[in-house]
Amino acid sequence: MANSKYAYVRSFELPDNILPGTYMIVRLDGHSFHKFSTDHGFTKPNDETALRLMDAAAIQIMQAYPEVTMAFGESDEFSFLLRKSCNLFNRRSSKIASTFASLFAATYTYRWAEFFPNTPLQYPPSFDGRVVAYPSSVEIRDYFSWRQADTHINNLYNTTFWALVLNGNLTTAEAHGKLKGTSSSQKQEILFGQFGINYNALPERFRKGSVLYRQEATASVETPAAGVDNTPGQGSITATSIVPPRRPRREIVVEHCDIIGPAFWSSRPSILGGQPSPE
Amino acid sequence: MANSKYAYVRSFELPDNILPGTYMIVRLDGHSFHKFSTDHGFTKPNDETALRLMDAAAIQIMQAYPEVTMAFGESDEFSFLLRKSCNLFNRRSSKIASTFASLFAATYTYRWAEFFPNTPLQYPPSFDGRVVAYPSSVEIRDYFSWRQADTHINNLYNTTFWALVLNGNLTTAEAHGKLKGTSSSQKQEILFGQFGINYNALPERFRKGSVLYRQEATASVETPAAGVDNTPGQGSITATSIVPPRRPRREIVVEHCDIIGPAFWSSRPSILGGQPSPE
Amino acid sequence: MANSKYAYVRSFELPDNILPGTYMIVRLDGHSFHKFSTDHGFTKPNDETALRLMDAAAIQIMQAYPEVTMAFGESDEFSFLLRKSCNLFNRRSSKIASTFASLFAATYTYRWAEFFPNTPLQYPPSFDGRVVAYPSSVEIRDYFSWRQADTHINNLYNTTFWALVLNGNLTTAEAHGKLKGTSSSQKQEILFGQFGINYNALPERFRKGSVLYRQEATASVETPAAGVDNTPGQGSITATSIVPPRRPRREIVVEHCDIIGPAFWSSRPSILGGQPSPE
Amino acid sequence: MANSKYAYVRSFELPDNILPGTYMIVRLDGHSFHKFSTDHGFTKPNDETALRLMDAAAIQIMQAYPEVTMAFGESDEFSFLLRKSCNLFNRRSSKIASTFASLFAATYTYRWAEFFPNTPLQYPPSFDGRVVAYPSSVEIRDYFSWRQADTHINNLYNTTFWALVLNGNLTTAEAHGKLKGTSSSQKQEILFGQFGINYNALPERFRKGSVLYRQEATASVETPAAGVDNTPGQGSITATSIVPPRRPRREIVVEHCDIIGPAFWSSRPSILGGQPSPE
């Protein structure tokens, strides 16, 4: 057949399977989202609607791929945890990373108008993805601590920075200069002393990011949308499916809670596989 | 800093750079597109509008990434060629594959309503991506020959199959049975003898797929859209940018021409690097 | 400098680091050792002297690389276990595999005459090496069980095969035919019924392979050599160093004991890391 | 069978095949050879006998692996070129690197006494190996230029350094200090002005390293050995086999010639595959 004489080119496709028996984390990052957020007038330092849209895209990933036991998002990034025993796409790294990044960006685009009814999407966004393997639960806990600590550090900086710029009448250069080398407590003092802002009273969503996991269904709830009153920090919101999930047994919960301490993990052992999971 | 004690988890991110000095091909494939095409009522055996939407998404990739010198698409897949000297994302495999798959799916979603104004998009599509390295232009030519030969083989089969089903009143199982083991010429005889269809008179788009490349600008033209009369096979259509391209020097042309023979390549030497290979 | 214009070729050296936090096993296999053993007149089915030379080469590896906590050898292969935290050669796969294979083959050659004083080495032997990562102690235990079960299966087959050939006057083809499809107990019955050989009374070295690990020094002992009476199965032999080891704290012990059951491991916790695994 | 429940551990062996259609270079480097050369009293700055032993080990590699078309050696390193079409060990990186490093070290050990009859080998040496892929002949030429330029730079430095130490009565620290920042011509002036040494009259072996390739056999010759008068620089020496080579059609030549310029390559097109090779 005409095709067979060319088919040898397939032999150049080198395998990129992830080591078996390890946890996999898929991290997605927005591509050029500084520009994207400016072009679409996102509120500074945090745009809650944009963050909710990120959550919705992450929920779509978790509905499509039941192998994901947990996700964490902040700013324009999201991380997804896959079980040690997960054999999705035969653990091919590029296939997993590209499929997740693809579905995430398509969902973000698909649901944009629902979250931003008055702001047209000017162009399609994109996200890059990577898969990282971790051999034990110790590193998984530390990975999520790393991301949540990053959320705190960035949010405190950005909150103080934009207070200085928007309310303190500093230029962005002046604000950066004033914050250079300051400690966390010094930034909190600036916020409180100069602007009356108690950092710890800010919404947990901004300070702690979004934590998504699966929970036994107790009641029917809605997918988060811009018009729905899901006040951050007041509790959990859950999602129903847009498309029929492959194994729709457990609901996906979105919280904005601490995941650095042990409490979150010890009360949800199935996330790390500490007990036999029904999935 | 609180973050630093966790930052060691970054050391688990193993590099996946593609060998320097090689051509890279990024191939994207639709995820579960058999179901997607059924759910959205695509015309069988070929839905021209859906193929044009694929082209539009590929044009978006080429506008965003000037390193792409050529692309080829058929059905629910698209392949993009990157130069040997290309250093995009430091040649990181997952980053390239995921970003391309992400932008492609988001563009497909973003422009859906323009191409299918009367068919709502029911859920976001996704594509997987992979990067394959090829050391020389010989393999690149053979790669694209492989894909275009595949286009021909699949289209001839599908055209005959759907003629038997839609016009010949065969069940799908009967049609598959009838075609089993038939040669290309036997399928063409069925098409002509039973249905009066001259296979070689079918649109070149269906028989040869879409070939995209860059050409010196001569006139301003529009992005292909469903309502625009860009009859396939009658010549080239070109595209203007949705977002400002990074190096907006050359227009992207969509053709449906033969790329197995040498003529296409010898008249466009810049696609493979613009200089005769020493090998 | 003249060199700098060529130094870009270094950028083609792609990294091949093993995932951090995983155990590494380096397995060495003799290259064309069927021919090598014939050329040098090794006793069938087992040549004890040749096995002792293998042990000596493995001891050399463990003396040179204190990161190795254990080794297991049978026939013409040896496997070395490296700790999870081991950072030898920055965990570069090819560097570890090649250095171990190189030192092993050189030691085998270097000490040949000591073990085979009457058999000249006709040509230098070689071994290939590979590094395999395992995330947890469960897989490490299973890895060594896999190799020791293989030792038993091969040895029972070979012992019966050579009894049939050397004492039963069968051709090799007849012996293979007679053994085809037989169970372990059937082979043992042939051995005992036809040749009066009680398989379980054969030397443990042949049935269980060589297990090397480190032990707190209690007395000075010698490197195993052909002339030294280290009867297999009667206890442990230990080794002193040829070259000064980097951390000469613990002696290397050679045993021929069971490593499939838990006893070996539970009484030597430092081999797998010295602390109970959280998983 | 008892073995099968453990055999899953094989699935952790991830493939490491080198991209097809590329040249492969296997570079071996001596492990701790500074110490090794001191322990064995090698002549400074160059020990011709030790270099000849390196050549002999490289010849053994080329005899065992006819896929090697050329090799280049200097100091304690050797590089081997494999054809683009070479499928040795299915192009598995660790297997190639480890086997070459292993055979090289074993040969070095095996033939030591022949080259150094009066200097006992105190311990077995070892070499590490790596495989690097290069897509075109341009990079291969530049690779070997890189190594030969390195030979020149190192040899000029070492020759001047040891002249200052051995004949100029400088301490090693003083010699390093005097040479710091000097150009090539300044070093040559020191050599000539202070010690009457004309650098360009030194043996080509020291200045240009060893170049090994295959040549149509014209006459029977001997493997280089310490006692044989193969004066470097006066022409070619060739080698006969220690073990029967797999395809013993062409003799291996050792020269000490320039490989940076085009002459060497243009007159031996088969090295880079420029013409169909009989092998």
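Worth a mention:
A, B, C and D label the chains in the order they appear, each numbered from 1.
Just so it is clear, a contact is a pair of C-beta atoms (placed from the backbone, for glycine too) under 8 Å apart; a residue touches a chain by one contact, two chains touch by 3 or more.
By chain, UniProt protein names: A, B, C, D = tRNA(His) guanylyltransferase.
No experiment lies behind these values; they were computed from the predicted model shown.
When each chain is reduced to the average of its Cα atoms, A sits farthest from subunit D (tRNA(His) guanylyltransferase). As a whole-number value, the distance joining the C-alpha centres of subunit B (tRNA(His) guanylyltransferase) and subunit C (tRNA(His) guanylyltransferase) reads 52 Å.
Centre-to-centre separation of subunit A (tRNA(His) guanylyltransferase) and subunit C (tRNA(His) guanylyltransferase), using mean CA positions: 48 Å.
One inter-chain figure worth recording: subunit C (tRNA(His) guanylyltransferase) and subunit D (tRNA(His) guanylyltransferase) are separated by 30 Å, centre to centre, where each centre is the mean of the chain's CA atoms. Of all residues in subunit A (tRNA(His) guanylyltransferase), those touching 2 or more other chains are 12, 14, 19, 21, 133-134, 139, listed in ascending order.
Taken as a graph of touching chains, this assembly is complete, with every chain in contact with every other. Those residues of subunit A (tRNA(His) guanylyltransferase) that touch subunit D (tRNA(His) guanylyltransferase) in the complex are listed here as 11-12, 14-15, 17, 19-21. Taken together, the subunit D (tRNA(His) guanylyltransferase) residues at the contact with subunit B (tRNA(His) guanylyltransferase) in this complex read 19, 21-22, 84, 133-139.
Across the complex, subunit C (tRNA(His) guanylyltransferase) is touched by residues 1-3, 6-10, 12-14, 16, 28, 31, 60, 89, 93-95, 97-110, 121-134, 139, 142-143, 145-146, 149-150, 152-153, 242-243 of subunit D (tRNA(His) guanylyltransferase).
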